[in-house]
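Next up: some structures, all given as structure tokens.
Here chain A shows up in two complexes: once beside chain B, once beside chain C.
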Partner chain A sequence: MQTANANRLTPYLFLAPAALIMAVALLYPIGYMIYASFLDWNPSQRIGDAEFVGLKNYIGLLSDAAFRESFFVTLKFAAVVVTLEMVLGVGLALLLDRNIRGMSMLRTLFILPMMIAPIVVGLMWRYMYHPSVGIFNRTLKSLGFEPIPWLSDGSWAFASVVIADVWQWTPFIFILSLAALQSLPQSAMEAARIDGATGWQQIVYIKLPLMMPVLIVTLLLRLIDAFKVLEVILVLTNGGPGLSTEILSLRISRTASEFRELGEAAAMSNYLLILLVILTFAMFAYNKAVEARAARLRKAAEEDL
Partner chain B sequence: MAEKIYDKQNPAFYALLVALVVMAVGPIVMMLTTSLKLNVDIMSDSSSLLFMPTLRNYETALCDFLWYEAPHIDYCDKTFGRALVNSLIIALVSTVLTLVIGCMAAYALVRFRFMGRDTVSLSTLAMRMVPPAVLLVPVFGIWTFQFQIDGTRAGIILVYVAMNLPFVIWILQSFIVQVPIQLEEAARMDGAGPFQVFFLVVLPLIKPGLAAAAIFTFRVAWNEFLLANALADRNSRTVPVTIVNSITEFDIDWGVIMATGMLLAIPPIIFTFVASRQIITGMTAGAVKG
Partner chain C sequence: MLSLKTILTGTAVSATLASAVFAAGHGGPYEPYAGTTLVINVPAHPHYNAMMKVLPTFTEETGIEVEVDQLQYLKMRERQTLELTKSEGDYDMIAYVVFSKADYVYADQLENLAKYFMNPALADPNYDQGDLISGYVQNIGVAGGQKGYLPGQLGSAFGIPFGSETSVLAYRKDIFEKHGIAVPETYDQLLDAACKIPEVEPGMGGMASRAASGHQASHAFLLHLAPLGGRVFDDSWEPIINNEAGVAAANALKTIVDCGPEGSQTFGPAEAAAAFQQGQAAMFMDSIAFAAGFEDPSKSTVAGNVGYALHPEGVRRGSQTGGFGIAIPKNAQNKEAAFLLMQWLTSKKGDLMVAMAGGNPSRFSTYENAELNEKYPYSATFGEALKYADPDWRPIIPTWGKINADIGTTMSQVLTEDLDPQEALNGVAERARAIMDEAGYYTWQ
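Moving on, here comes the complex of A and B:
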């Protein structure tokens, strides 16, 4: 009798700690943030003392030029970075998907940039971009070119931040695409080879379409993460010069800690979250639509037989 | 076992490989060499590879752990040493807690069929969508005013455990599914209780999954900056926070700061070389297996 009781309780006992911690330290804060976004609240106040201002924070943000600028910078950063990384990562995976000695060592070396702290990545690149001791300007100078204002000019700063992120995250796309490539059915490849498909035709008509589901998930994961990049930019430029590299995450943290406007920062966080939710759902919907179409085509093909 | 046959490739292919490796590892090597240089060498115009390596920068950073007197240090700044201890404690404790709690939850989800795998995958993805910057305001507010655990290591550990749990539960689930249920039934026949079955039968079988989960959790806790910065006070600062604090100063001491960066990078680098297979499994499990 007692064991039966214990058995019935076991799953709850096993789940309880995880549920408790996530409720207290994850769901509660998120709910709290939504509530805080309707308040005029500064860090020295208790939340109960903060004044309820309704949608004022949200409306105020929409007409705030600096916020719109940083929203735009965020979108631009994510779009540029993800496009470059997808092209480079998938390209490299297609190129390196060969039976060569030392492939596992190569993969190990490639994941190093992702494992190292983003703060340290920022540090390394800041040193390399340094106007006088950095390797880039040193090399340029010794070759007789003008030094480039890597971090002190608006558009160069944006490019520098993008380069650092591409360095850090292209391997992620590479590893996932390589895994996808290596799990493709050998029979399809062989059939294509027997039919005399050239290397390019194999890539365009066989490999890429078969990899598509994985590529879409990879794209989604990378896109979500691109909106979370913060530390590298913080160390490299701290959002400057001007607002040229101030992505939303950075602006949220500055609004909270420098301008001491917690309500506004919370409203900003909500905008960012809404943006991410929309993107994710759009991606899911697209994925479902593609799958549905494929299923329909398959069915049609079967009926023809 | 047959010797593996490798395809022959043309030299241009190998040149490309070398270039890629140099690009991937170059910045890290540069950080290492800079951390071994005196400031005179960093600033000089001569070739960057010819210099006398020195451990002085590391001695400066770790001065309160030195068992000998380093002649060049006249004032010992203990900030970094303290931060290193904090980082180690926070990362290790939150990793252990996340693994234990996550493992139990994953096991319950799989064996007692609470929710489908889809629900868990979806909530993992949803949690992944939440940027740390979004948690910044509420966590700061709640920790300071309601729980009053701001400025303590426990406060930081609590956030990290919560942040990592969804991913850990999800990845462990995919390993637990593969444990044959007959094995557990056999153990139960022999009179083992549910906890014994879990700790003595299931856990040993999912060691690779545990390794992957441990590395990912440790990495997040060890590298995280934003929330640690908001929550920590002088005594509970972690290494990333001290590094950022020291680069906002006007005059950057590149040698020392690269040494601290290197010290922060070393544990993840070691993990990468020891367990790259588990890391890749962890990374690809989500996308490739679905």
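Moving on, here comes the complex of A and C:
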């Protein structure tokens, strides 16, 4: 009896360290943040002295125009950069999926931007966007065009941070798509070629559908990252001019340090977290639906035989 | 560098002699603390760079070692906020940004200095408090007077100004002379000159000003608000930032930025100063702390061509008061030794040494010092500017951080998105009132 019990407990015993680490490293901070979001907490106070205010922070944020604006900027930013990066990244991968000499060199070159620290990326682009000594405006001026107010006009500033982000993160999508492409089953491609599929048809009907699971995960990873980007924008525009590039993570950081409202900052983080969780679930649900449909079709096809 | 060293050693020798004589007789005020290591937190700022050059003399004279943690000033504020809530702090002395006074004093995190000045073993009888520049002391050091942050009978000191600043107008003497433009004494003249310069001197902006979204734009706006007769709040804490004077200040800032050097809309203080230093603008109106940089030929292309004038007059004179003070945190480990350092740095001798090394004086006597005036000819103008320094040019209250950021983002919208100034300021006033209401400022109405 004793041995049976011990045997049954063994798996839990082995799981215990992992569960403990999860609890300490993951659940505790998140729990702390959720708790903090119900407090009116000034950074000069200890958390114990902060006043419990219930849902006040959450409700207050909903009617805060600046928060709504920055929520909207975040959505816009994430949608624009991820779309651009997916198109460019997958396109590049399709173009470069062949045996070129020095391919491994090229690939390393392509992913360089990703390896640079974000603060440095921000500084680099900031100098390039500089109104009088930056390379862009100097080139424009020497070609006889009007200089562009890269960072000092609301819509240009938004475009500028999008360009910098696309520059930095397209390689990420490129490298993952390329890996997906190169692991596609050769038999399917060969069959398509024998059936006389053109290059476009191969891409649209064979390659892209087969790459889909990888693309979805890539998209998701990029999307989550795009919602949280901070450093590049912090250095480039610090959210300005006005609120035109003040994405949520920047607003959270300002709320905590400048406005000194830790509770409100925590509530904002939770809104962001909820948004990301919904997105992730939606994406997986969609993926699952697609797979289920494919399985159904396959089953139907097998039954027809 | 050479001249600096000679001055330093000169002062040091006499100081060491004096303290050695004193030490022989009594053991000296510093003796119980010799060997202590103080950890201090200061901003990366010209004044504190000057202080660093002087600290070795302090160690030599007192035997107290000083370890310095230097941070960009907004980062420094963040660090301190966390540091001050600990039960045992790492810092024995901190330099704080003036608007931190409200937060720290309100949260009861700074030592009241009374008990140190009452302690005969610590207080130097020759310290001469009356010589400290009173505007700075009230603005930076004293809390608990009128409205909590202004001079008042019931206020008391929690810090001593060190690295405090006021605003002056720096201008290019050569450019003004070349085009026969008079040095602006009023705001009308200032704005005229600011927009005339790009016309007569193509490629050069009128005035370089801070304008970046957030704190910088707010600072720039407030700089014009006080001389143009405005205030953020009236005496009963009602926002009046959107009155006529407020709109005039917003328009003044917009004119200055529109006629300023390229890219002005995103300038922080460093960029604005750099634009002036590189000859891209003919005027620069900001803190006196930048002057030393303009006169340094290794960094500045305009050294020797810069004139300094008082902050122009609107309906009244009112230059900014700002900069830093030094204080002892409640959770410090070596409070007495920290007080000795504080007192030493702001003593007549210490203040002069720091000023000679490029810092901003905290004492009237330092501004009158002949040696200093010879080395930095603009000192006299700065001393004059201090008479008009306005301690109430911005409110120093715990809710200020949020209101300040709101003014700054809204001003940035006025500058870059052509938002109507009146409409913009009405919005600021409305939001400020809600913030003040929540914080309990209307409880007595």
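Note that the second predicted complex is superposed on the first by the 279 of 305 C-alpha atoms of A that agree within 3 Å, B and C clash if a C-alpha of one lies under 4 Å from a C-alpha of the other, contacts with A are read in each partner's own complex, and residues count from 1 in each chain.
Please note the rule applied: contacts are C-beta pairs under 8 Å (C-beta built on N, C-alpha and C of every residue); 3 or more make two chains touch, one makes a residue touch a chain.
All of these numbers come straight from a predicted model, not from anything done at the bench.
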item: Partner chain(s) touched by A:260 [first = chain B, second = chain C, both, neither]; value: second
item: Which superposed partner A:43 touches (first chain B, second chain C, both, neither); value: both
item: Partner, of chain C and chain B, that touches more residues belonging to chain A; value: B
item: Partner chain(s) touched by A:100 [first = chain B, second = chain C, both, neither]; value: first
item: Which superposed partner A:131 touches (first chain B, second chain C, both, neither); value: second
item: Partner chain in contact with A:175 - chain B first, chain C second, else both or neither; value: first
item: First, second, both or neither for A:186, with chain B first and chain C second; value: neither
item: Chain B versus chain C as contact partner of A:149, first or second or both or neither; value: second
item: Which superposed partner A:120 touches (first chain B, second chain C, both, neither); value: first
item: Touched partner set for A:242, first chain B, second chain C, both or neither; value: second
item: Overlap of chain C and chain B interfaces on chain A (superposed complexes); value: 43, 46, 132, 238, 257
item: Residues on chain A engaged by chain C in the complex (per definition of touch); value: 42-46, 66, 130-132, 147, 149, 151-154, 237-244, 246, 254, 257-261
item: Contacting residues of chain B [partner chain A, same complex]; value: 5-7, 9, 16-17, 20-21, 23-25, 27-28, 30-31, 34, 42-43, 45, 48, 101-102, 104-105, 107-109, 111-112, 114, 125, 127-142, 144-145, 158-159, 161-163, 165-166, 169, 193-195, 198, 219, 222-223, 225-226, 230, 240, 243-244, 247-248, 254, 257-258, 261, 264-265, 268-269, 271-273, 276-277, 279-280, 283-284, 286-288, 290
item: Residue ranges of chain A in contact with chain B within the complex; value: 3, 6-7, 10-12, 14-15, 17-19, 21-22, 24-26, 28-30, 32-33, 36, 41, 43, 46-47, 92, 95-96, 98-101, 104, 106-113, 115-121, 123-128, 132-133, 135, 138, 167, 171-172, 175-176, 179-180, 183, 213-214, 217-218, 221, 224, 227-228, 230-231, 234-235, 238, 248-250, 252-253, 256-257, 262, 265-266, 269-270, 272-273, 276-277, 280
item: Touching residues (chain side chain C, partner chain A) in the complex; value: 74, 77-78, 81-82, 84-85, 103-104, 106-107, 109, 212-215, 217, 261-266, 280, 398, 401-402, 404-406, 409-410, 412-413, 415-417, 419
